[in-house]
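Each of the next two complexes has chain A plus one more chain, namely chain B in the first and chain C in the second.
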Partner chain A sequence: MSLASALLAVALAAIPSFDAIVGGVGARPRTESCRQMEQWLQENPTSPEVPRGLLWIARLRAMDGEAERGRPELERVLRDFAGTEWDLRATKELADLDVQERHWTAALAGYQKLADNPQQPWKQIGSLALLQVRPQRERYFLFEGLALALLLFGVARLALAARAGLTPWKPPTEILVGAPVIGMLLLAALAQPPAQAKAVQLLALGGAFLVWANGALLSGARWTLPRRILESVLGLAQAAALLYCAVVAAGLWDNLVHTMIVGVE
Partner chain B sequence: MTNERPKVEGRPRILGIRPGVNPNSSSLGVDITFLLLGGTGSLALSFLMSAWLRGRKPAVVEVGAPKGEGQE
Partner chain C sequence: METTNDSGLSRALSWNLMSFGFLVGYFVCTVLPVPVIWYYPVERSFELALKPHGLAADFYGRLLWSGLGAAAMAPVGILWKRFLSGDALKRWMLITAAWCAALLMLLFGLYIHKLVGRVPTPAPLPSGYVPR
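After this line comes the complex of A and B, so read on.
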């Protein structure tokens, strides 16, 4: 055996086996596991375990909160193993990732591909995902429209107040009275899990902006009964729209619906 | 056999308790439901009070005060 081949044999022996990498995932940082698997894939490009290794890397990155970094591995499975079981698994993972990233068209195309597959359970997985993601997309579009409308409404009221010679930069009475409630909501949000905290913070800060904008304009309003009724309706609509935006933006819509049906925990 | 209690080595297994949370449930907790609905209710109340209390004429107007004083 020559020196070169001996050195190669030693180097290959230093790379852990596929099972050793997968089995030892809990004993080392995930980034190190990904690095070892990438090295194994480079050394074993023709192994039947290659697609499994690629999917494994993508999942590990998703667990680290870096799901987008796993996209190249998933796309490689789609490209190199088209028409196999691995293709379907990667399609599902990619579609899930697209939902997270709000790439609705790509996500729905992925789930449709699974739903069109005659093989179970992929057909069922795709069909169920389509039933769930289509309304999710509509809710997100509605959320975007409402959030933009609320922002424009508030800015327009501040601009109208400035045009009427009022002082929109001066905190109106409403914001001074509501400050303790806003502060309490922001403090309480600190004790919540991230999604719930986001919803409460959006509600508190969005509410503060709208109360300020309304108060700034209404401080110089000429009051009539129809005007009071109109402002009441507008106020209730703003509160409802802001709650909807906060819940959808935080991804809590399904939980809220479940709470309405089953009750609070 | 001895009556000595075994020593607990290392840190205890239960590191924290979070009341009112069931990780296996999709429902929102009572606290977050209260915060969301309570916050929205407060916001709605603020708008309603603003609409119905603003612009009311003061019950007593100071003699000699400029016209419109007391009205925001």
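After this line comes the complex of A and C, so read on.
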């Protein structure tokens, strides 16, 4: 036996088996497990376990909060194992990933592919996902529209204040009065789970911007009854739009609906 | 030269800022995981901890945090009022009063939210206790 083939035999013996890599996942860091599986896949390119290994890597990356890094593995399953059970599994994982990344068209196409499959449970999984993701996409589009409208509304008010000879860059009394509450909300967000913290931060900062923009313009306003009514309605509309944006952007819509139906418990 | 009216407003500004510091202290130790002095009425002892290990009252610990907040804001009030007079003093007195009112409302809301869903659980009976 030549030296090269002896070294190769030693190297191959050092790579754990598929079952040893999968079974020992709890005993080592996930990145190390992924590295070992990638090595195994390189050494065993024709094994029937290859698609399972690729999906396994993608899931481990998702568990580490790096789901996007698992996309190449999922796409490889789609490419190399089209028409198999693994193809459907990878389609589901990719569609879930696309929802997270807000690639709505790709996500809906993936779920539609599953829904069109005559085989259960894939048909049911796809249909249910379509029912859930379509309204999610509409909510997200509405959120984007409302966020843009609020931003333009605030900027327009600041511009109108400047045009009227007021000083929009100077903090109005409204923002000075509300500053501690905004500060306390931002402080309280530090101790919240990430989604809730994001919602509170968006509410506090978005609210501060709108209060500033409104205060800058309205400090020089001539108050009549119709103007009071109009500004009250506008204020309520801004608050509702901002709340909607914060809840949708933080991904809390489903939690909110669930809480309203089932209750706090 | 400070008028009698300004003197009253200056004192009010200082008290507002101290009250604001008090409320901030209470708010911070409620929403952030900071260690608090807990009083154990059964053992008659105190402990500085994030969470108690038994039946305990946090009131004194939170009051201490609030007192520290008020003490921190007292010199701010004393210094700040030196730079204000007339309309500016009156304006900031009103704004700081609004800070206190807003924070008080926020604290009320926070405590109603914390307490409304609470189901009290009885503390375990002391070891060696024999029911009569």
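Throughout what follows, the second predicted complex is superposed on the first by the 260 of 265 C-alpha atoms of A that agree within 3 Å, B and C clash if a C-alpha of one lies under 4 Å from a C-alpha of the other, contacts with A are read in each partner's own complex, and residues count from 1 in each chain.
Throughout what follows, a residue touches a chain if its C-beta (ideal position, glycine included) is under 8 Å from a C-beta of that chain, and two chains touch if they have at least 3 such contacts.
All values derive from a computational prediction rather than experimental measurement.
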item: Combined model on chain A: chain C and chain B, fit or clash; value: fit
item: Touching partner for A:17 - first (chain B), second (chain C), both, neither; value: neither
item: Contact breadth on chain A, by residue count: chain C or chain B; value: B
item: Contacts of A:240 with chain B and chain C, given as first, second, both or neither; value: first
item: Partner chain in contact with A:100 - chain B first, chain C second, else both or neither; value: neither
item: Partner chain in contact with A:255 - chain B first, chain C second, else both or neither; value: first
item: First, second, both or neither for A:207, with chain B first and chain C second; value: first
item: Partner chain(s) touched by A:47 [first = chain B, second = chain C, both, neither]; value: neither
item: Touching partner for A:187 - first (chain B), second (chain C), both, neither; value: second
item: Touched partner set for A:178, first chain B, second chain C, both or neither; value: both
item: Minimum Cα separation, chain C to chain B, after superposition on A (Å); value: 6
item: Overlapping contact positions on chain A, where the chain C interface meets the chain B interface; value: 173, 177-178, 181, 188, 264-265
item: Contact set on chain C toward chain A in their complex; value: 20, 24, 27-28, 31-33, 91, 95, 98-99, 102-103, 106, 117
item: Chain B-touching residues of chain A, taken from the complex the two chains share; value: 173-174, 177-178, 181, 185, 188-189, 192, 196, 199-200, 203-204, 207, 210-211, 214-215, 218-223, 228, 231-232, 234-236, 238-240, 242-243, 246-247, 252, 254-256, 258-259, 262-265
item: Chain C partner contacts - residues on chain A that touch it in the complex; value: 173, 176-181, 184, 187-188, 190-191, 264-265
item: Residues of chain B touching chain A in the complex; value: 20-22, 25-33, 35-36, 39-44, 46-52, 54-56, 72
